[in-house]
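Structure first, commentary second.
Chain naming follows the written order as A, B, C and D, and within any one chain the residues start at number 1.
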Amino acid sequence: MSHNVIILGASGYTGAELVRLIATHPSMNIVALSADRKAGLQMGEVFPHLRHLALPKLQKIDEINFNRANLVFCALPHATSQAVIRTLPGDIKVVDLSADFRLRDPEEYARWYGKDHAALDLQSEAVYGLTEFYRDQIETARLVAGTGCNAATGQYALRPLIAAGVIDLDEIIIDLKTGVSGAGRSLKENLLHAELSEGTHAYAVGGTHRHLAEFDQEFSALAGRPVKVQFTPHLIPANRGILGTVYVKGDAHVIHDTLTEAYDDEPFIEVLPFGAHPSTRHIRGSNFCHVGVTGDRVEGRAIVIAALDNLTKGSSGQALQNANLMLGEEETAGLMFAPVFP
Amino acid sequence: MSHNVIILGASGYTGAELVRLIATHPSMNIVALSADRKAGLQMGEVFPHLRHLALPKLQKIDEINFNRANLVFCALPHATSQAVIRTLPGDIKVVDLSADFRLRDPEEYARWYGKDHAALDLQSEAVYGLTEFYRDQIETARLVAGTGCNAATGQYALRPLIAAGVIDLDEIIIDLKTGVSGAGRSLKENLLHAELSEGTHAYAVGGTHRHLAEFDQEFSALAGRPVKVQFTPHLIPANRGILGTVYVKGDAHVIHDTLTEAYDDEPFIEVLPFGAHPSTRHIRGSNFCHVGVTGDRVEGRAIVIAALDNLTKGSSGQALQNANLMLGEEETAGLMFAPVFP
Amino acid sequence: MSHNVIILGASGYTGAELVRLIATHPSMNIVALSADRKAGLQMGEVFPHLRHLALPKLQKIDEINFNRANLVFCALPHATSQAVIRTLPGDIKVVDLSADFRLRDPEEYARWYGKDHAALDLQSEAVYGLTEFYRDQIETARLVAGTGCNAATGQYALRPLIAAGVIDLDEIIIDLKTGVSGAGRSLKENLLHAELSEGTHAYAVGGTHRHLAEFDQEFSALAGRPVKVQFTPHLIPANRGILGTVYVKGDAHVIHDTLTEAYDDEPFIEVLPFGAHPSTRHIRGSNFCHVGVTGDRVEGRAIVIAALDNLTKGSSGQALQNANLMLGEEETAGLMFAPVFP
Amino acid sequence: MSHNVIILGASGYTGAELVRLIATHPSMNIVALSADRKAGLQMGEVFPHLRHLALPKLQKIDEINFNRANLVFCALPHATSQAVIRTLPGDIKVVDLSADFRLRDPEEYARWYGKDHAALDLQSEAVYGLTEFYRDQIETARLVAGTGCNAATGQYALRPLIAAGVIDLDEIIIDLKTGVSGAGRSLKENLLHAELSEGTHAYAVGGTHRHLAEFDQEFSALAGRPVKVQFTPHLIPANRGILGTVYVKGDAHVIHDTLTEAYDDEPFIEVLPFGAHPSTRHIRGSNFCHVGVTGDRVEGRAIVIAALDNLTKGSSGQALQNANLMLGEEETAGLMFAPVFP
């Protein structure tokens, strides 16, 4: 059975990544693409790597006929996203890639994003889109909120450990290294090649990155009490990939066993042998997430490192995985392609 | 129908790329992988990006049972390749990715590769593997010789023009920019990151690159008289991708028309609108080749630029495309995935 | 003797590079820095790599007292540059890094830059700033026009050959590879890291790049008749460095001899041994230019390759070299530091 | 007064960096260069970026006449270094860049480096070369042991804090990101461009990196009791630069004040305003070290980030700074050049 899907915000990197992935999906059919400022153009003019595909022209959102669609991928900026999704026909399933529906507590949304949420009813209905942990709810959801790419990385390293109670909840540090495409195709001086290549720096130091809101919400819910991690992201000169180095207190072998067991049946999460560690190069362009564990020489401490591709497993691949579930397809449909290395 | 294939030389980049591509091929099944020095290891230990795949262990070639196989991909170094292929059972089809069977004239082989060919009978039977131009012969061939990656790039820009007689045959310059993976996974000082990143240089300047032998053979055959192009390759700090900037004398619009018509029905060759030019970023990781044409301000001259991924369309993707034909499969099977950008 | 200098346009890359170089110059003293939109900031806030230096705050141009200055470096955009320089006191020497005073023929300026020149008297007085070839005039000039960085690269490869009449003037092709900092710190989508890294493409194909105006002017003057070269620039994923691969018809050994002799006494131009070729990595961050020559296998043809750092020898280093001459200093003062590799 | 210096191990990156720096030093004169396997070559053949310099040919060590020299820089591998330095005339000052003389406790040396030390008398005499903290001893030392580049980075962030007792000594985590040149010019698969670019990974996870021996020695001595930090290095796709992100428990403002005061008079250590953080891009190619401090949202915790260039401040620049002191020169002689950005 074939599903008609629409992608809103197709002129950004996550939108383009959705098109890339769906291009070889066995049962999805793109019936409309939106891009406000680029309306009227062919997708191949905006993203020449997609020029070989027969795709609908880019349109403004209000020109789109949503009646033909089974599911909408919404890759719009936050705030815009909630405004648009509110207007969609109620029977269309929606996978949102923005931050708008990730936080269940409207006050937390207002605090981290600086304005009140304008679609509280939708927010209360939305399911958090970390597939491996919300699978059942996603299958029946109408609206799924894609997670932050950094938030996904940290959660793959930590959720089973927090759930199992095998680490100290007050001593978690996530030192994260991320490629530049996570910042999108926006024109900012600090995203220029000349500013970024050949070096690294930290940003949002001290606990100001918005993905912390997701860590707080999810880890606290898992633990049944407030959990506040430390989280410092760094920008590295690579286009794709996030490496999350997580410092925890706990028994490294217990930690490794816990993760191994938790992800045993997961098609996309690979726990490496004890002492081995992932590289972002080895998941590039794919929906896989690699996780490694080593004990530190300082007794009772361990390092857990997780790697995923921010554009794939961290956003558009995750979105497609969720869409598969929502549409009754095999969860892995169109997503089992191998990473691109070198 | 499922085909059993074997990959010899699986510990190099082209071998790994074959595994990556075949992993999602609808009808190929890898039954053996060889890697001399890494025999006994799992593929995922040598190439962690492939660790999620259920693959046979790496073996030495003489441990492999070839009887189960329909086709062998031979990704061994030249000279080794001819020695090994000679010993294979005569009913197994072979796609060779080395330089050993590209040249029809044994004297040319000896001249460019510094030693006599040791499998002349096989050489005479081999079909040159530039799929779009040798399709009929490849379908019935037992042994197909994969082309040089640089040689493929130049030929996609030039073959239709030489065949149509629309350019001056004595005034062809190919200025080529290539990523580093074309040099393989070998330990050479000039391939170190610290030596290569943040800069560019030419190599094999003046007409000493071995892929010139293929240009000479193919272009001369097409023209019916000797054609000797100029060819200067440059190394750029990128892992994948070749950009061939070709300077020719001829009418730019005739040239564009000739290329457009020649590739009109080709699934992988995209001729861009007149005046547009390709980027290696937009074919990365895919089997597509983009070609652009512009007229120069100097009358009667044109620039043709072709871009492809050296590991995919330039070697392993080409090999799979040829294997599809040899095995009676759809030529595009397993190869229509979109490029990975950014 | 110490010289007071002012840098206009200090918030761009060439402005910052001037500050970097002058920081260790034995006899120059920066007395003012302008940056319109960043006026009021410290240089170290705009360019943290310069934070250790005691520098005047950034000012708007009209806040600057020019009376204290011996020389002004003008690193403003073209058009702005001519408007500003017109208003400077007549006794201040000026090194302009923009395109405004490079072309002697006002019609050529209007044709390539799309508007009439607004300071024709200054234009007629300006000396073209390719130091090695205009040394005497620069020493006594009041206004020196810095060359285009690509134009400098091509001229170092070609001027002595055209002057000596050892190459065919109608068959010159410059295939140029340039790093990204030449495009400045401007916010353009195609300068983003995610758009640029890991690949290459040509731009301004077919003879539309404005630096062609300089080639035309200089080569025609040298030859005493019109010379129109072909010139195709490519962007490579590196911050600094230009490699110009120049295809010519002529005797390679005569060409090498001609260049060797021409540059024999030059402190910054290094002609490599016959058959050796430069890399942009080996001149990075320095004022050196490396030039190599090889004969092609096609008889009567040669390849000349020149490499320089666009921000140093291609603009700010050149500007300082010229300023040294204009101020009666040693030409090499503050410029003999070695390239930074790796 | 001019000093004659010799560089042993000139064919490695730290040796080449010494030559680069000394090339513009006001009072040092290179009288011999060694490189075992490249003996007989010109330095410019091994490192073309140094080809403009008039330098002695590379020699084998036993061909060198040490009598002419005031000081030897020894940039040899560890173990080799101690064997060579033992044989030098006793009146020559030595700056060693290897690990051989960093550890005062021979048992620690044996434990971390896997073999007994063979020059214990020299070891006992050696002064640890972190200039800012051993200045007085270095001035009168005959043998100074250059620090590990990672060890230097961590110490610039932490020494004043440990000395002042303002952080919890049992809760220090150093998450370090380093460019690839720190690994030298050695032929290892994991240093190839194709393996390294476009990604990141951790190595020596869990406390096995040898620079930990320096942290242990120095921090314990400062604290007057054992201090064992956690330290996880990561490789990033850049040639130069180390960023050390240090997680500590203590009052962030007290920490910032302590660092600001400690480095107030230091010419090369720049403490950024509270809340600002360094980038490796902004110290590239220079002898500067930038340090930033921010408080975490989790009360009582702070992040200190230090950045330096591993080849300059982390090894060869440090070596030159120490040599200046040993030879009675201005400490900053030849070292005040600005970083190269972009």
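Here is the rule we use: a residue touches a chain if its C-beta (ideal position, glycine included) is under 8 Å from a C-beta of that chain, and two chains touch if they have at least 3 such contacts.
Keep in mind that what you see is a predicted model, and the values were worked out from it rather than measured.
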item	value
Which of A-B and B-C has more C-beta pairs touching across its chains	B-C
Farthest chain relative to chain D (centres taken as mean CA coordinates)	B
Separation of chain A from chain B, taking each centre as the mean of its C-alpha atoms, in whole Å	35
Mean-CA-position distance for chain C and chain A (Å)	45
Chain B and chain C: spacing of chain centres that average the CA atoms, whole Å	39
Two or more partner chains touched - positions in chain B	13, 181, 194-195, 197-198, 237-240, 278-279, 281-282, 284, 342
Residues of chain D touching chain C in the complex	13, 16, 19-20, 23-24, 47-53, 181, 197-198, 239-240, 270, 272, 278-279, 281-286, 288, 290, 336-342
Chain D contact footprint on chain B (complex, rising order)	13, 180-181, 185, 187-189, 191-198, 237-239
Chain C residues touching chain B - in the complex, by the definition given at the top	173, 175, 177, 179, 194-195, 197-203, 205-208, 212, 228, 230, 232, 234, 236-241, 243, 245, 247, 275, 277-282, 284, 292, 294-298, 301, 303, 305, 307, 342
